[in-house]
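Each of the next two complexes has chain A plus one other chain: chain B in the first, chain C in the second.
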Partner chain A sequence: MRSHKTNSGKAREWFPFLLPFLCFYVVFMALPVLWSFSLSFQQGGLLGGTFYVGFQNYRSVWDDQVFLTALRNTAYYTVLVIPTIMVFSLFLAMMINQMHRLQNFVKACIFLPLLSSAVPLAIVWKALFTPGREGPLNYLVGLIGISPQNWLANPALVIPSIVLFEIWRGFGFWTLVFLGGLDTIPKTLYEAAEIDGAGIWGRFRNITVPLLKPTFLFLAVMGVIWNFQLFDAVYMLTYGGPGYSSYSIVWYVYRNAFHFEKLGYAATMGIVLLVLILLLTGFQRRVMEGK
Partner chain B sequence: MMRAIETRKKVVTGIFVVLLVAFVLFPFAVMISMSLKEPDEQFTVPPRLIPQRPTVVNYFHVFGRGSMFARYFLNSFLVAGSTTLVVVAVAIFSSYGFARLYFPGRMGFFTLLLLSQLFPLAAIIVPLYRIMSRVGLIDSFLSLIIAYLAFSVPVGVWLLRGFFTGIPRDLEEAALIDGCTRWQAFWKVVLPLVRPGIGATASYVFFITWQEFMFALTFITSAEKRTLPRGIFDFVGQYETIWGNLMAASVLICVPVFVIFLFVQRHLVGGLTEGAVKG
Partner chain C sequence: MIFLLVCCLCVIFLFLSAAHARVTVTLWKASHGADPEIMPVILQAFEEEYPDIKVDFLSHPWEGWDERYAVAFSAGEPPDVSYMPDEFWPRFAGAGLLARLDELFPEEVAAMEADFPEAFWRLTSFEANQYGVPFLWVAIALFYNEAIFEEAGLTLPPSSLDDPYFDDWTWEEFADVAQKLTEPTQDQWGYSWSAAFRDPNYLYPYFYQAGTDVLDVEENRAAFYGPEGIAAFQYIVDLIHTYEVIPAAGMHPNFHQVFYEGKAAMAPVESYSVPTIRNQFPDLEVGVAFNPQGPGVDFFGGRGSFGNSGYWVMAEDCPHKEAAWQLIQWLSNQESVQLFCDAVGLFGARVDFVPDPDEPLYEVFFESQPFLPGYPLHSQLRQVHSIVMAEAQNAVLLSKTPEEAIEAAGEAVNALLQE
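And now, the complex of A and B:
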C-alpha cells in the first residue's frame, strides 16, 4: 500500500504527460459544447449577429412536428439496428472463434467496410437499391419470389433499407469486439461444463452470456451513441425522403443550421440530442449493471 | 465416427466462411464491376457481375481534362495526414500518462475520455462553424483539421493507451533504478516498444479523417479545396447519374486505405478490440 504522499507526488509527475490532451480537450471539445449551450438560448443566422430569446428554442423543439418525426425515426432506426447487429455479430464471432487457419483472413475481410468512407459505400448501395427489375437487390429478392421493391422511395421500407446498409457497414466492428470478449473467457470453463454434461445452449447461456456482460454493455452504449448520430447514410441515400420518412435528428440539425440558417435552433437540437444520449446511456448502465 | 464429425464441422465452417466473405465483399465487387462497364451495360436484367465488354474509360474520365480528382486526393492526404501527425504527437504523451496514472484523479480522467465519446458531433458543428467564420478560417484546410482534432484526439489517446498498458511496468522501474529520469525511461525504453501501437493508432486516425463527411461538406465551400468524400459528387453527372465514373472514383478512394490496412492489420485489429474489452 503506497502512502498518500507518494501518490500525490506521482500525480505531479504524470501531469506534464496529460497536459497536451487536456488542452486539446478543453479547447476543441468542452468549449464548443458550452458555446452550443449558450447558442441554444439565441436566435440568428450563420454569419450575422444573434440575440437572446430565453427558452423559446426549447419550447419550439417540443412543438416541432418535424423534430418529433426525426426523433421517432432515429429511435425506430436504432431499435432495429442494435438487437439485429448484436445477435448477428455474436453469432459470427462464435463461429470465427472456432476457426484456426482462416481466422486472420476473415477478420481482415470484415474490417474492410469500416475502412472506407460512407460516401463511396453508400453510392454502391444506392445502385444496389435501384428500383425496378434491373435493381441488383430486387434481382436477389426475386430469387426467393419477392416482387421488385422501391426500397428508398417507399416510406415503410426506407428506414429498414438504411438499417440494412448500416448493419453491413458496422457489423465488422461489433464482431471484432465480441471476438475480443470471447478471448477473455477461459477455455477451462467450457471444458468443465462439458464434463458436467452441459449442452451447447447451456454453455452459451450460463458461461458465454454472463461473462460477456461488459462487452454487451460497451456495445449497447456505443451503439446508441453512434446510431443516434445517423447522418451520412441519410444524406447519401434519401436526403430525408420520401417526405419526412427518413429524417434523422442530425439530418434535421444540419438542415436547420446550413439550409434554413436557424443557428440557435440547430444548437438547441444538438443539446437535446446530447441530453438524450446521456439519459439513454445512463439508463443502459443502470439496467445492465443492476441485473 | 470422430473423423466423420470432424469433416462435417469443417464443411459447415467452410460454407459459413464463403457466405460471410460473399456478404462483405459483394458490394465491393459490384463497385469494381460497375467501374469497368459502359453506361449501357450498367443495369441489365438479369444483372451481371462480370462486365461483357470491360473498359477502363471511366478511370480515364475520373483523371481526365477538367477533373479535379487528383487535387481532391492531394487535399485529403494533406488534411488526414496533418490531423494524424498532431493526434499522434498528443497521444504519445497523454496515453502513456493514462496508462501509468495511479493517483486518485484517475477516474476523473477516464470520465473525460468517455464523455468525449458522448458528445454528438452535431452539438459541436454549429459553434465550430461560427468560430471558424469569425476568425476567417472557414473554407480552409486548417478549419477541417481543427474540427477533426476535436473527435480524433480522444480516440487516438484511448487506442494508444491500450498498447502502453501492454508494456510491463518492471521495464521502466529497472531503467529508473539504473539512473534514468522518468523522461528518459519513457523516451528510450517504453516508446520503442510501443512502435507498432503508434503505427496502428496513426493509421486508424488517418482512416477516420479520410472518411469524414459532415465537416467536409459544411466547412469547405470552394471547389478546389474539397476533400474526396465531398469531391466525388463531381462525378454524379448533371442530368443523370454517370454510374461508371462514380464507381471508378469510389474504387480509387478505397485503394489507399486498404493498402495502409494491409501493413497495420494485425496490430490495429488487436488494439481496437482489446481497448474496447478492457474499457
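And now, the complex of A and C:
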C-alpha cells in the first residue's frame, strides 16, 4: 500500500513532463492513424467529400492489379536494398573503424548525402542515368564492356536504379550506426581471439557478427519500415514508370489521394501497408532474436 | 466641445466604414516564370482602377499543385480567384467548388464570348454551366531542322495550309521522310519523340490523327478504345521498332535536347520553347510545320495536335463575388493578356492577341488552331492520363501489343468512369 502510494506520487511528478509529448503523439500520430482507419471504410475524396462503404475498399484493393504491382515492386525494392546496403555499410564501417587519421572527416563526407534535399540529388542522378553513350553511368559500365542502358525507362532496370540511388543516399546513416555498434565491442575480445589463432574471418564471424546482432535488428526493422514507404525517389526519378514498373505502394497512395480523388481508397492502402509493416517487423524480431 | 466630439466620432466612423468597404480578393496562380514580376504590374493597375478592392496575390510553383488546391478547397479556404488549366478545373467544378459564372453574371459572360476564340470558349463550360474565362494557351507543333532536310535534299514539311506538299504530308510520307533522315550510327534521328513523360501531350495527337478523342464525355466512356486507338499505338510502335527513326527506343527522358542539339530532324515542341531555342540554340535552323495527316480525316482533318489552355475561375465559397468578377474581367482583358503573355512567352487566348511579330515560328501555331481538339472536360481526366500513359509505355516497350495495351487501357478507363 505504501509502495503504491509512492509510485502514484512519482507518477504525479513525471506525468507533467510527459504531457507535451503525449499531446503531440495523440494529435499528430494516434488521431491521424485512427482517422485514416475510419477513412478506409469510405469512398470519395478531398473535394467531393466521402461516404461510408463498409469493407468494399478492403475487398477491391486485392483485385486492383496496379496495387498488386506496387506491392510487388515495393517488396522487390526492399529485398534488394536492405541486404545490399547492410553488407556495403558494414564493410565500410569496418574500414573506417580501422582508420587512425581522418576518421571524422570520412564520417562527415559519407553522411553528406543525407543532409541534402532529395530534389537536387534526384536531378544529379537523373543526369547520371542519362541514356545513350553520353550518360556518365553508361560511360562507367561501358568500361567493363556493357552496352549503354536506358536505366530509368527499362522495366528490368528501373527498380535496381532506384535502389542504387537510395543506397547512395542512405548508406551514410547505416554506416554510422554500424560504427556505433562496432565501438561497443571490446577490443580485448579481438586481442584474445587473435592470441587464440583466430583469423580475420573467424573474428568477424564469431565476434563482430554476434555482438552486432542488436544493430542488425535495429537496421533491419527500420530498413523495412523506411523502405516500404518508398516515395520521393519514385516521384522525382520515374513518376512510377515505365508503365507501372516503379509504382510503389506509397506512390500509389499519393496518386489516389491527391490526383484521383480517392482518399478513402488511399487510406485503405495505407492501412494495408501499416499491417504489412507490423507483421514484417514482428517476424523480423522473432527470427533475429531467435524466438 | 460636444460638437467637436461628435465631429471626431463621425470622422472615425467614416474612416472605419471606408476601410471596411475595401474588400480583399485572394488570387492564386502557378508561375509561368515571370509571374512575380509581371503580375504585380497588372494588379497594381487593377487596384488603381478599383480602389475599393485589394488583391492578395500568391504566385507558387506547379510542383505540388494538386495538394495545394485540394487542401485549400476542402478546408473551405480556397483562393477567391485562381488560374486553372483545362485538365484541372473540371474536378473542382464537378465537386461544386467553383462558381457558375453564367448564373452569377449572365449578361457580362454573354458579352465576353466574342473576345475569345471558339476553341477555347467552348472549353469553359462543364455540364452545361460556365466556370471559367480563357486566359492563355499553349500548343505543340512539329518542329524540323532545316539544315538536315536541305542536306538530304528533301522537301521541307508544310508550314502553311497553301503549301503544295500539305495534302501529301501523311503518316506514310512522314515515316518515309523520317527513315531517310535517320542514321543511327551517326546518332542522327528522323524524329525525336518519347513516351517517357508523365503528361500525355505528345501521345494524344496520335489518337486525334487516327480519328478519335480520348474520352467520349457524352457517353462517359473511353473513346480511344477501338480500332483508332490501336492504329495510333501501332503507328508509334512502328516508328520506333519497324522504321527505327526514334532515339532511345521511344523512351528518351529528354528527347527535346536531342532535337535542340541537332541530332534529330523533327520533333514535337511546345510553343513556349521558341524563346529557349532562340536564346540557347541560336545556330539551330528551325521551322514549324503542320502534323502529318493520319487516317482519321473526319476528326480535325486527321491532323489533330495537342493544345491546352488555362482559365480564371472563381471559388463557390468566395465571399466577394462581385469584386472577384471585376478581377477576372481585368485579368482577361486585352491589355492584361498581352502584357502577361509578352512577358512569359505564351499565347493569349483572345481573338485580339498579337504574338511577337518578329517571330515567324509562331504563325503555324495560330494557323493550327482549327486542328486543336483540346482536352475533353472530365473530372477524372488526370486518372485517365495516368492509365493511358502507362499502357502506351507498355506498348512502346513491347511489353504488350498495341491491341493488348489499348484493351487494357480501355477496360481500365471504362471501369474508372463507371465507378
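A few comments on the model shown:
The criterion applied here is as follows: the second predicted complex is superposed on the first by the 282 of 291 C-alpha atoms of A that agree within 3 Å, B and C clash if a C-alpha of one lies under 4 Å from a C-alpha of the other, contacts with A are read in each partner's own complex, and residues count from 1 in each chain.
As a convention for this text, a residue touches a chain if its C-beta (ideal position, glycine included) is under 8 Å from a C-beta of that chain, and two chains touch if they have at least 3 such contacts.
Only a predicted model underlies this, so the values are computations on that prediction, with no experimental measurement involved.
Once the two complexes are laid over each other on the shared chain, residue contacts for A:155 go to chain C alone; chain B is not touched. After overlaying the two complexes on the shared chain, residue contacts for A:239 are found with chain C alone; chain B is out of touch. Contacts of A:87 after superposition on the shared chain: neither chain B nor chain C is touched. Once the two complexes are laid over each other on the shared chain, residue contacts for A:279 go to neither chain B nor chain C.
In the superposition on chain A, contact of A:130 is made with both chain B and chain C. Once the two complexes are overlaid on the shared chain, A:68 sits clear of chain B and of chain C alike. Of the two partners chain B and chain C, more residues of chain A are touched by B.
By the touch criterion stated above, A:258 is placed in contact with chain B and with chain C alike. Shared interface residues of chain A, touching chain B in one complex and chain C in the other, are 46-47, 130, 133, 258. Those residues of chain A that touch chain B in the shared complex are 7-8, 10-11, 13-22, 24-25, 28-29, 31-33, 35-36, 39, 46-47, 92, 95, 98-99, 102, 104, 106-121, 123-125, 127-128, 130, 133-136, 139, 168, 172-173, 176-177, 179-181, 183-184, 214-215, 218, 222, 225, 228-229, 231-232, 235, 249-250, 253-254, 257-258, 263, 266-267, 269-271, 273-274, 277-278, 281. Interface of chain A with chain C (complex): residues 45-49, 126, 129-133, 150, 152-155, 239-244, 255, 258-261. Those residues of chain B that touch chain A in the complex are listed here as 13, 16-17, 20-21, 23-25, 27-28, 30-31, 34, 42-47, 89-91, 93-94, 96-98, 100-105, 109, 112, 116-131, 133, 146, 149-150, 153-154, 157, 182, 186, 207, 210-214, 217-218, 228-229, 232, 243, 246-247, 249-251, 253-254, 257-258, 261, 265-266, 269, 272-274, 276-277, 279. Residues 66-67, 70-71, 73-74, 91-92, 94-97, 187, 195-196, 198, 247-249, 251-254, 379-380, 382-383, 386, 389-391, 393-394, 396-397, 399 of chain C are the ones touching chain A in the complex.
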